[in-house]
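Each structure below is given as structure tokens.
The same chain A turns up in both complexes below, where it pairs with chain B and then with chain C.
Right, the complex of A and B next:
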């Protein structure tokens, strides 16, 4: 059954004929895949499809009307901004409506009060430039400056610049959400007025519905407006320089500079992060894996493989770089103070400064452009988790051990345990573990590895980003909270009783395990034979 | 008697009471709200006991009113519909102080006095609101988002993981403490978010209506090794706000606040009422207080760059801002105020707001700093309507996170034994609430009578809130009669 004509006509009457289409050529453009993230995996092949139709609303009122029509005609829908996150933000069921938010792309900056009000179609790049022009900055997630700011903030939302403020949840201020049944919730100061400068209240904080540690991938409504907290920066301009793809921001080194330090061992890396955090200096401090250096040096994939092929387990084990961003938030004198303190700490750690270019290539403005990670064609972060530095500095080693069994199809990386860094001045630690594969090869092992890491985190008692819709909820649910899945499903049922909003998320990975033959042998946890949701096949 | 017998099976007979004397202690607080008597009081000693109590109450449909502090100001712990008071004060253990990851984990009954004392022994502190009563629960004040005086951190929320008992009685850990086996785990509980949803948000500002939080992890900071405190007399609030807009985003300062003469006198007076009256008469209308701190490394250099920055700004941009290390005419004020900004109010003294006349009704809200003069004018207008001396109202402006917002708090001091004055204050408080709300004040914490005003105007939010409440607490046993539940 396709979207009934009367539903289509009703939506067309809301957005106008120019902003709705069921043309197969248009719909094909919304297929999951080319972005690289989770590309070619079983989840993408089994669980995603192209939309039956695409609508592009311009206002909250239009979004609300569309959602109500979808509820009335039982049309499944998924909100979509840039689609950067890969399969999980694309259509999962047949005859689904994709609601593309790109036209809601206005933003307004409140320079004095360090907040910027954005629509879901606004990407990071222009708002970061506006912020920089006005002495502020936003933290651009690893997804890159081409990602939707709202989608990133309700999904992930961090980078090495999270050293000053880690949790993206704390940067979400007044927000407007169209619930899955079409009701509108205005959160924070928007609940009582027009100015979204304040995030919590009144009373219990419903921003809890927007996400967990990581996001819900659009299964609990559509955010139509959000005020984002920006952070005070420094006044000097950062000047774009270079020729694409080798571009960057030239840094005014009296106020902004990266410094790379070579340290003797991992213990020194960890000590440096704890001490920099306690001293409350710097704008970022991160471990640099050897892998990054190869990516950075290579100008093409062939050159990357040539460089990477020279490495081995010993070189990986003995590569210890700490990269620090100093920012003169107050003055040049403060910058000098930070550098003096940093040098004291690094001397105690036995570190040696390395020549570092006065350039920011990725983190302040562009973040990771997706191309950086495509040396195999496909990649995914199997974990990207904010916890303590205690967990962060051990977590990657568990991953590296688990990965050995699944290499190949995963790219050989000589046991690289990923990277870690300080968040919120060392109150938190961040760890990330990326894997790469060739999507033209048999990728069943990648799917299995992904699931295996969930069991590993349960076994090792680590917190992980991959809960909720990212892994089978009946596997992770009983082991976190405990039973967080039961509360989450109750909330989903309350606000989306028909499950029209991006079905079958958040049970999509449970469904995937049931459908994919190669995943079934791994299912050693209890799952209901029939998952508690309507059948949308 | 049935309640007592059943609860005694869970906590032991010494920790449950149905005596009128015990129940009356919980029937009223410092607010102007009417009293309400619980049917019984229970003092659990562990999370497991709390879970069993709530499970039993849920089965029997008995209201549960969680209480953690000895002093309450807003009426939120007055039982509106009887039921059982669950007093968490026995759960007063500091479970861990992790100086590497800079977090402390402690139970609901841990007080400000207890926590600050123990942290100081290890050279640490928490960012805290202005002079909370020493016997208030740190956990409750943090959940209720009491605004800290410290303005320098980008993260105004120090809370990390929490453990809760759902209204249906299950124990649950939010955030990274949710891992199996916590705290015997790699995870240290440093992240409040998740699993699945940000459940911790539902417990913030909830006044105990969404469940009972049994312990929490909180960020701790190192105590500065050198401090300097500055004061500036202020008679032009707009000018002062512009000064703060200039310096606070440049990450200057540790604590920063503005107090009017009534509030500052209430804090600084050695004796009541003589010293208070004399101070009030001499103090400027407003006083800006700003501290800077040298941390554990190169503290003198840090103090120097902050002072040099301030010196330039004062000289070139704000010559009328008389920021010096003591308030003219008040020698010794700096020595007195500096420790007060990092400590709770001593439990052996009358609470500073009650010292003036015996009781105090507070009214506070969030706004933007450039709107401060508008709200002061509105308050002055309301006071005039009641022939109440505007200067007698305590006023405190608390900048938040680099001055991106601020909290304004008015304190209406009154004699609790004077029925006429009490009635006048109640009327003026209501009138002021409505006037300020209509001017755009955002009451993120709408206690008592404020809730209907605020939630009536927030229809969509209120409806969604009720749906969440219905999921978590289908029988509405948790602190019924508060907020919109």
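Right, the complex of A and C next:
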């Protein structure tokens, strides 16, 4: 059954004929893969398809009307901001409507109250530039400069700049959400008026529900507007410089400066992060995967492998870097004070400063996640963890061990446990585990590794961010809930009784394991023979 | 072979655009980061003027961006998509301005520009392309040797009595169709710059269209014949340097002819330069003196053919293996050899004039939307693009917009007229000659 003509016509009357299409060539352009985040994997091949039609609303009212039509005619739909998040944000079932939100690109900045209001079509880098123009900055990060700010904040949203503030999604002040049945909910102070000054009251605060830990990929409605907190920055301009691919922001080093330190061991890395946080200095402190350094140095993938090929487990095991961003928020004197404190801390940690370019190539504005695909062609961050600083690194060691068993197809990274950093001035440790492979090889092992990490987390009693939309919910739910899966399904049924909003999320990974032959041998947890949701096949 | 690596077989691959298969890897590995669409993020000016793709600016559906076209290209290659009017519109409503290519190569090594060219070649090969307007241009070129179907004998009418053309010289000026017929002021200004610098120059005995459009729409057989004919004509003239004042001609001679003939730019047998390079060198060596004050505040359109599309061509073939690595080494064309600095050096040498940069500049510039057969087949796209760029001109309070391509000039002039804008559009040759005392 395709989208019935009367439903298509009704949606066309809402958005206008220029902004809806069911032409096969238009719909093919919205295919998830084969390249991209997590693409080229089994999940993308088995679980995604192209839309039957694409509509591009301009206003919240148009979104509401479209969603109500979808409910009336039982048309499954998925909201889509930039499509960067890979298969999980694309159509999963036949005859689905893709609601492309890019035309909802309104932007307002409230300079006085340090706040911006954006639509889902607005991405990170222009927002950051607008904020910088007004002496402010915003922390979004996550999916990168090219990802929708709203999608980032209800999905991931990690960034080294979170050192001072904690999870970026805590900067959500007000949210306008169109529920799966078309009703509208305004969260935070927006529930009581037009002023988005506070995120969690006096109106309903459904932020946790909306995003869970890493987002529900739009299966509980469509965010049409968001107010995001900005923070005071410093006044000197950050000047774009260089020519592609070697571009960056030239930093006014009297006010903004990256410094790389080499430290003697992992304990020193953790101590440095902890002490810097305790001293309440710096704008970021992070340890990045060592192969990122090779990405940065290489102009092409062949050069990357030439550089990275010189490394081995021994060289990686004994090389520890801490990267610190200093910002003179209030004055040059404050900057100097921070640098003096930093030098004292680093001296105590046995750290040695290394030559660092006065340039920001990634994070402040660029958030250069697209570079992750340079060396292999395929990439996913397999988990994002918030723990204590010391636990975060242990978690990394478990990952490194598990990775070894799946290399190849995973890229040889010689045991580098990934990325970790300080959040909330050292009160939290964030770690992210990145895996890379060549999608032209046999990638079944990558699918299996992904699931294996869930089992590893359960076995080692580590926290995981990848619950509902990323792993089989009947595997993780009982272990982390103990009834998280039941709770989640009740919410889904309540909010979206017809399951028209991005089916079969949040049971998509459960469904994937059932459909993919190479995953079945791994299914050693209890799961219903028929998953409790409508059949959309 | 270390145990942590696959023993991946090596697959032959080349940069030959006659086979879309050569670019399957590139299409397969597009990650939808939309680096092809957004201005490079370090240079992102803010929420206004944030995109660089005229095609996807004109039509918002993803299919009109290079990331959508990569998916469509795979569909064509696999035989999943049939040639339809909509599919042809998606493929041809695109000035192939190279913004996507250099944007992608900020982070990845994908050959997006060549992929889009190869897609058009396939459309022609399978009898679907090009668009009717392009076929008309091809007919004009075949019968009248120019894009417009104007009488061939009028081609040199721009050569007036006040211009000295040598019988024989090291420098050969190739005026191109637009400056020969529609924008003769550009050809005249260019010739006067040669004269003012004391540089003898000649023109071809029988200049004919460079074939930019027919190459760009995928009619390679016809374009190749023109390339051979034109290259032979230059060699026969004995010229050492061919100078163009048209960005499209420049790119065609410097990049597309070698590409068509499977040779390197350096193997053409003569040097190809744009007036920008000539004038910049002449100003710096003192042979061209800019003494007249030009009272204008102007912005500059980095015309695509003299900027991100102008890296010289070197043929390459080899193999692709583990992790997609190729061998022998491939120096990717990333648009870094554009004439960005030379143009700005000229502007800074013009007395009295005030040059202001627009938010999108150099390799991030927004194309006028007219080039490579777009304006003829999709005039609305060309108009929308030019008008959008004019918003940027007004944003920086420029009184004039200077371009380095007659096609840009015509397209902007039309947009200005339709908008009723009080902005002047001129070619860089006209700006330079205004500063020369004659």
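Keep in mind that, in the parts below, the second predicted complex is superposed on the first by the 527 of 537 C-alpha atoms of A that agree within 3 Å, B and C clash if a C-alpha of one lies under 4 Å from a C-alpha of the other, contacts with A are read in each partner's own complex, and residues count from 1 in each chain.
In this text, contacts are C-beta pairs under 8 Å (C-beta built on N, C-alpha and C of every residue); 3 or more make two chains touch, one makes a residue touch a chain.
On a predicted model such as this, the values are computed, not experimentally measured, just so you know.
Enquirer: Should chain B and chain C be called a clash or a fit once both complexes are overlaid on chain A?
Expert: Superposition check on chain A shows chain B and chain C fit without a clash.
Enquirer: What is the contact status of A:476 with respect to chain B (first) and chain C (second): first, second, both, or neither?
Expert: After superposing on A, A:476 lies in contact with chain B but is clear of chain C.
Enquirer: When both complexes are superposed, which of chain B and chain C contacts more residues belonging to chain A?
Expert: B
Enquirer: Just to be sure I read the superposition right, which of the two partners does A:277 touch: chain B = first, chain C = second, or both, or neither?
Expert: So A:277 only meets chain B here.
Enquirer: Have a look at where A:135 lands relative to chain B and chain C in the superposition and call it first, second, both or neither.
Expert: In the superposition, A:135 touches chain B alone.
Enquirer: Does the superposition put A:386 against chain B (first), chain C (second), both, or neither?
Expert: first
Enquirer: If you stack the two complexes on chain A, which partner ends up touching A:293: first (chain B), second (chain C), both, or neither?
Expert: A:293: touches no partner chain.
Enquirer: With the two structures laid over each other on chain A, which partner does A:411 touch: chain B (first), chain C (second), both, or neither?
Expert: Only chain C is touched by A:411; chain B is not.
Enquirer: Minimum Cα separation, chain B versus chain C, post-superposition (Å)?
Expert: Comparing every C-alpha of chain B with every C-alpha of chain C, the smallest gap is 23 Å.
Enquirer: Spell out the part of chain C that touches chain A in their complex, as residue ranges.
Expert: 2, 4-6, 8, 25, 28-35, 38, 40-47, 50, 60-65, 67-72, 74-75, 80-82, 84, 86-87, 90, 102-103, 105-109, 322-327, 329-330, 332, 334-336, 340, 362-363
Enquirer: Enumerate the contact residues on chain A facing chain C in the complex.
Expert: Per the stated touch rule, the residues are 19, 21, 23-26, 28-31, 34-37, 39-40, 54, 56, 82-84, 86, 100, 102-103, 105, 107, 122-123, 125-130, 133, 144-146, 240-245, 247-249, 300-302, 305, 361, 365-371, 373-378, 407-409, 411-412, 438-441.
Enquirer: So in the complex, which bits of chain B are touching chain A?
Expert: It is residues 98, 100-103, 145, 153-157, 160, 166, 170, 172-176, 178-182, 184-207, 209-210, 219, 222, 245, 249-252, 295-298, 301-302, 304-306, 308-309, 366, 368, 370, 401-402, 404-405, 437, 440, 442-446, 451, 454-455, 457-458, 460-461, 463-465, 467-472, 483-484 of chain B that touch chain A.
Enquirer: Show me the residue ranges of chain A that touch chain B in the complex, using the header's touch definition.
Expert: Of all residues in chain A, those touching chain B are 112-115, 135, 164-167, 169-170, 179, 183-189, 191-193, 195, 197-198, 200-214, 216, 229, 231-232, 274, 277-280, 329-331, 333-334, 336-337, 340-341, 344-345, 386-391, 394-395, 424-429, 457-458, 460-463, 467-468, 473, 476-477, 479-485, 487-488, 490-491, 494-495, 506.
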